[in-house]
Amino acid sequence: MSVKLTKKTKDQAFWWWYNGNLTGFTHQHMQTFGFMCAMIPVIKELYKDDTHRLRSLKTYTPFFNTEPQIGSMVVGISVGLEEARANGHEEIDDEMINGIRAGLMGPLAGIGDSLIPGTYIPILLSIALGLSTDGSPLGAIFYAIVYIGTMTFFMKYIFDKGYELGGRAVDVVIGEQATAFRESMVMVGTIVIGSLAASWIGVSTALKFDLGTYYNAAGEQVANVLRLQDTLNGIFPNLLSLLTVLFTWYLMTKKKMSPITVMLILVVVALVGVLIGFFDPGLSY
Amino acid sequence: MEINIFQALLLAVMASLTSVIGALGTTYSWYTLSRPLVASLVVGLILGDVKTSIMVGAAIQVVYIALVTPGGTVSADLRAVSYIGIPLAVAAVKGAGLNPASAQGAGLAVSIGALVGTVGTVMFYSTATMNLIWQQIGWKAIDKLNYRIIYLTNFIFPLISHFVIAFLPTFFITYYGTDIVANLKEWLPMDGIPMKTMFTLGSLLPAVGIGILLKQVVQNPVDLIIFFFGFTLAAALKINLVGAAFVGAMIAFLNYKIIMVGAGKKSASHEEDL
Amino acid sequence: MSVKLTKKTKDQAFWWWYNGNLTGFTHQHMQTFGFMCAMIPVIKELYKDDTHRLRSLKTYTPFFNTEPQIGSMVVGISVGLEEARANGHEEIDDEMINGIRAGLMGPLAGIGDSLIPGTYIPILLSIALGLSTDGSPLGAIFYAIVYIGTMTFFMKYIFDKGYELGGRAVDVVIGEQATAFRESMVMVGTIVIGSLAASWIGVSTALKFDLGTYYNAAGEQVANVLRLQDTLNGIFPNLLSLLTVLFTWYLMTKKKMSPITVMLILVVVALVGVLIGFFDPGLSY
Amino acid sequence: MEINIFQALLLAVMASLTSVIGALGTTYSWYTLSRPLVASLVVGLILGDVKTSIMVGAAIQVVYIALVTPGGTVSADLRAVSYIGIPLAVAAVKGAGLNPASAQGAGLAVSIGALVGTVGTVMFYSTATMNLIWQQIGWKAIDKLNYRIIYLTNFIFPLISHFVIAFLPTFFITYYGTDIVANLKEWLPMDGIPMKTMFTLGSLLPAVGIGILLKQVVQNPVDLIIFFFGFTLAAALKINLVGAAFVGAMIAFLNYKIIMVGAGKKSASHEEDL
Amino acid sequence: MSVKLTKKTKDQAFWWWYNGNLTGFTHQHMQTFGFMCAMIPVIKELYKDDTHRLRSLKTYTPFFNTEPQIGSMVVGISVGLEEARANGHEEIDDEMINGIRAGLMGPLAGIGDSLIPGTYIPILLSIALGLSTDGSPLGAIFYAIVYIGTMTFFMKYIFDKGYELGGRAVDVVIGEQATAFRESMVMVGTIVIGSLAASWIGVSTALKFDLGTYYNAAGEQVANVLRLQDTLNGIFPNLLSLLTVLFTWYLMTKKKMSPITVMLILVVVALVGVLIGFFDPGLSY
Amino acid sequence: MEINIFQALLLAVMASLTSVIGALGTTYSWYTLSRPLVASLVVGLILGDVKTSIMVGAAIQVVYIALVTPGGTVSADLRAVSYIGIPLAVAAVKGAGLNPASAQGAGLAVSIGALVGTVGTVMFYSTATMNLIWQQIGWKAIDKLNYRIIYLTNFIFPLISHFVIAFLPTFFITYYGTDIVANLKEWLPMDGIPMKTMFTLGSLLPAVGIGILLKQVVQNPVDLIIFFFGFTLAAALKINLVGAAFVGAMIAFLNYKIIMVGAGKKSASHEEDL
């Protein structure tokens, strides 16, 4: 006796996600509630007793966050897996489902952020800006229609692909292979997050020491200025950003601080840094 | 130019709905309605001057054309840029009798945008923090299988946060702000402590987002090696994210083989099922 | 009772290869016939009965292609292995020999192409051009003598080295170690082929969109031109070349098309691309 | 200047013998006799003006100094460049009374070279395709252990391809071509569809060569990861092939250890025998 | 019955190392004697009988060399391990201790050389130069005090850390895990040494061939100069340095030559190279 | 200006104590007392003109500001630069009546420094070679557990090397050298064989140092793959040492997992204890 989700239920899952992936955002749980809302119709249809419903709902309580649009794939996969679990595949337990969720969210966050807001949107906006040069509303309308149209199609498409994959995954990605696959995906994710950190964080110091002058080999008087940022780059490029990330990671992981606390600490760091001249964005209107 | 009470109300509604965590959802609100170019059409309709508004919006849009918010870190929440910044800029530009497409016009617009962008950042983090209250409620509902509360937690309760943190300030700022805006640059100069700190903070905060992502994948300090490797790819080798993913896939491929060998299987088998 | 090839037979193998490695070239089999011709004298001397001869001749029917001059090493190795097989080493079967052939051809193609026509010949030609500046035949004569002389010596040398290696290989590279070695060589080959693709294919698009102008932060009117090639490079450098290779690989591997068919398809692609303005080499006399 | 029937015949013979898959073998034909500089000496002897021919040949040689043909993909088959292009260029240069070492002389020579180079490319692919006929015959001979046919397939039958595809065209073009050449640039302008398509094709075809190589090493789609990695090395990191081989060796070294561990052996043993 | 080293003995080990890490330097043994001198007080305190003393002293006879200041960590680790061995941990044998020493010395040499004389000292000296611009002794005094002060503190600190680590290591880094760890450290070391070679050796040739002129496509007469160094860089950047290192490695490892002999060979190479014009530093006063 | 016998003796003592393998130990002697800036203070006190000496020392210091000596390879032993070069330069500068901070003054100082730097290099290698004698003695002491001899080998015997190779030459050169120095540039021109050979040697010798390090880690030729990989990182990818260590750590991490899998243990366990 095999249970098959109705199209309607799958659509509900998709649209709850589409509309609510970030609406209840906190830095503590990010997209966890959004994800749960998407799974609720599925869980309600698949299981009739509360014990199973509770077990399955709780499966989705761990932290979740990714680029939400490309991330609809993960929702699709989870729906597929949940369906397979309801059909008696006992290998599919919480650990496996969350392993896959956790394994995918890193890479998809990196790839999604760089491809959607990082690449696709700038292209569309360039075109749209061209259409609006003289104050014409055309560009704005063009952007809204094209972006929402293509993105909705894309999200639905990979949601469906994910659903199929999730279902099939049962036959393939089980046991040790699933572990190996998941761990390796996490590895890609970690590498991508590393690159993300180096590309998108640009902490730098404005500190410089004016050390008078000295005479070089040609006997010329040369200004002797030590820019701390140059020195740090010599040790490793973008070192301060690396250290800042490690610092936040350390506070959250080892000191068990919440993201909010860490942010408050950074507020203090920023203020003190500015006061002592360590930080100076050097901007002007 | 004045912004009347009704107009200010509409602007405040828009500011509540948009943002990266806005009530209308990521695709509609953040990636569409809060883009300055799109917003400028809405603002133009509200203020009754579409042409000027779009010219101002376009100038501001250029600055934020590739805004990315990794791991919930927002260097400029566009809801403020778009629904406070654009109206005020339109008012300021028209008030000063400037051509919005001229150097001074565009420059003024962009300055106002930058200024309220930092205000938006504060709004974003405050909203996300206030949402913690609702999640307390939602969290308890899970054990009781109270689906309704879960949906309310994710969709409805956060409206309260938006009301307090986005609606009210937007209303007041746009309603009373037109006079103030002219002197803002003097009150909050870019080389003053407050603005310096805000922008410094803007460069530090993404680290928290990355830190949160990192926390998920690195439990064991030894795994930081993998993170360092990825950092090196981009920092020292200037590889972009797609390239990093390719290199990462190569490494992960070896890792996969190692684990499979450890599990006593020849990695060759099944491989093609991936 | 051990069989040892005569010097004469080995020389024949070498010279057949030297003279015929590409003479019967098709895109289907490339150097397969050339390789077979080199092996025939060897097979004839080693085996007297047709069963063995046929078995061994058939060993060399799979596809073969590499840079043919540096590739004379592979011929040498095969001669050595064939000799060892004739001496009763049963581990040396078709799979093993072809594994080694296939493992080496990728790396040697990449290395050979870049070192011989890519580096050595340009140097010789530079010198030769200098000698021919005023229309003197000296440069041409110099190039012909030096190139043929050194290359013939080089080919013979690594053929002999390959032969020795092939003979010795039996004691070493057998069983699982051979598999591991072969697979790892194929891996190097695949990586080198990847680099080859990126270095030697330069598919690019000329498409650009003229989107009027917009006003930048300084209020200056800026031309808003979207060059598709720049955008694609932003996603990944040389992306179009990557996609083109994957496309040909897909057609040949998954759609089982012959290289000729694929080339005809590319003719159509080129023509259509030019007509719609996607491609434009932008050359002039 | 005229090219007589006897000279045209000799040039046609040379064109048949050379090419990357020419009847004289890679080292003699492709890498020596078809190099424009070497060819210009041969052409000079045939035409009876070595000095002019070599000056023309040298100018053309510079363009093709580092021509590489990966995986049987030829962007310019030098047999046409050398044995059609050089004679026609010599004729054209002398006809116009130009100094072959002057800007106009060298420029004219190089243009003609480029033009017939694309003709040569068509010749190359056509010859390789026609050879498929002979391989049909040769393939059947294997089972019958008919060595003679195998040798004929590799060495003699392809001469027919060369006769049809290289000898005849070369003969006619060089014999009748001297008048035509002057107007070629007008008939086949570089910004016309035919030449644009030819050169575009020239940039696309190497992909087939690489595709063929790739097909040999990647059966399993998952192995494309390795290919992507190699591509990234050169495309994003600008590493050259020797460097890529070094990096590849490092990865392969780990792979070797993994497989050996999987096979239940300590990789350390025997390692030194490699 | 557990033996604990007195603070005094540990301090002695530290100061012997501090003062004598390079004083007895030869290219044959480098820091071997310096290391032994540091271990002697430890060995004397831990063991009372000559058999054990001799065994332990001999443990430290293999070659040792690293950046000596950061290298005080290795001394600390060895002291910790020796103490553990004296307490009856039989897994700690010569092979293990030397494995760790050998595993660490490569990476620490590379990292230490680039961080201390390569980065930290230039910074201090820049500041000091600024203070001495007008011939004032201030800069010299500043440098001496700050460098010696911070470096001594640093060396002591990581010596102590190393000692703790060495003691703890026993519980953790034993058996196969120790082997795996050590081999992997050696791998890092080898990679770092490779980078070191490429960064710090700059052998280049001055050879160039003046090949007259030729006419380019535009008919211009162009000087045709072949710079061998450019050609070599085209094959692989810094190729000559790579070959020189391999040459010295080959002489020392395969031909069993001493470093001194190799250096004398290089003197000849340099002289001959200069005479035939292959080398030319191209300097002037 | 003359250097008297007493001053020359003091300078010779300093030259014996410093050097990278100087008797005062790495931190005090090499990294402090032999730095030209620090040395110039000492020299100034000895010669009785601190100001001039420091100006000269500062000019020379700039040249050697980032001197690294990997694996016992020294391109310029600063003991000669500092305790022969600086005094002679001070003498020369004052003799010629130059301002040490002028172009000519600084140039002269740096030239003398470069010149005696190569002399120092010879001193360094000679001392290290002479120390082989003492190590012969020390080596025998180990078996006899003769601790005293071991200490003498490392600390006291090498003083004899320093006396012969550094003390005596320094004394004589500084005592008699002031007159000579003016003409040195003519006697040993930079484009003469001796200086060319010296500087060429300077670029070759570090290879021995790296070779020694390499010998320790690469016994098996196959391990050269790892070395080539590291070389490629810096040579082709321009990564610095810290970056190379990060990449290396990633590779080593995989290697660690492979060995652990081979040893029949899941690498996951214990990992965190590292």
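A, B, C, D, E and F label the chains in the order they appear, each numbered from 1.
We take it that contacts are C-beta pairs under 8 Å (C-beta built on N, C-alpha and C of every residue); 3 or more make two chains touch, one makes a residue touch a chain.
Remember, it's a predicted structure, so these values are computed and weren't measured experimentally.
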Intersection of contact sets, chain A vs chain C, gives B, E
Distance in whole angstrom between the CA centres of chain E and chain F is 13
In whole angstrom, the CA-centroid distance of chain C from chain E equals 42
Expressed in whole Å, how far the mean CA point of chain B lies from that of chain C is 51
So chain B residues touching two or more other chains come to 55, 58, 62, 101, 107, 226, 228-229, 231-232, 235-237, 239-240, 242-243, 247, 249, 251, 253-255, 258-259, 261, 274
Two or more other chains are touched by the chain E residues 126, 129, 133, 214, 234-237
So the complete set of touching chain pairs is A-B, A-C, A-E, A-F, B-C, B-D, B-F, C-D, C-E, D-E, D-F, E-F
Within their complex, chain F touches chain B through residues 237, 239-240, 243, 246-247, 249-250, 253-254, 257-258, 260-261, 266-267, 271-272, 274
So, in the complex, the side of chain E touching chain C is made of residues 209, 211-214, 224, 226, 231, 234-235
Listed in rising order, the residues of chain B that touch chain A in the complex are 20-28, 30-32, 35, 37-38, 40-41, 44, 50-52, 54-55, 57-58, 61-62, 65-72, 100-101, 107, 111, 114, 125, 128-129, 131-132, 134-135, 138, 142-143, 145, 147, 150-151, 153-155, 157-158, 185, 190-191, 193, 195-197, 199-201, 203-208, 210-219, 223-224, 226-236, 239-242, 244-245, 247-249, 251-253, 255-256, 259-260, 263, 265, 270, 273-274
Listed in rising order, the residues of chain A that touch chain B in the complex are 18-30, 33-34, 36-37, 40, 44, 50, 53-54, 57-58, 61, 63, 65, 68-69, 102, 105-107, 109-111, 113-114, 116-118, 121-122, 125-126, 128-129, 132-137, 139-141, 143-144, 147-148, 151-152, 155, 172, 176-177, 179-181, 183-204, 236-238, 241-242, 244-249, 251-253, 259-260, 262-263, 266-267, 269-271, 273-275, 279-281, 283-285
The residues of chain A that touch chain F in their complex are 214-221, 234-237
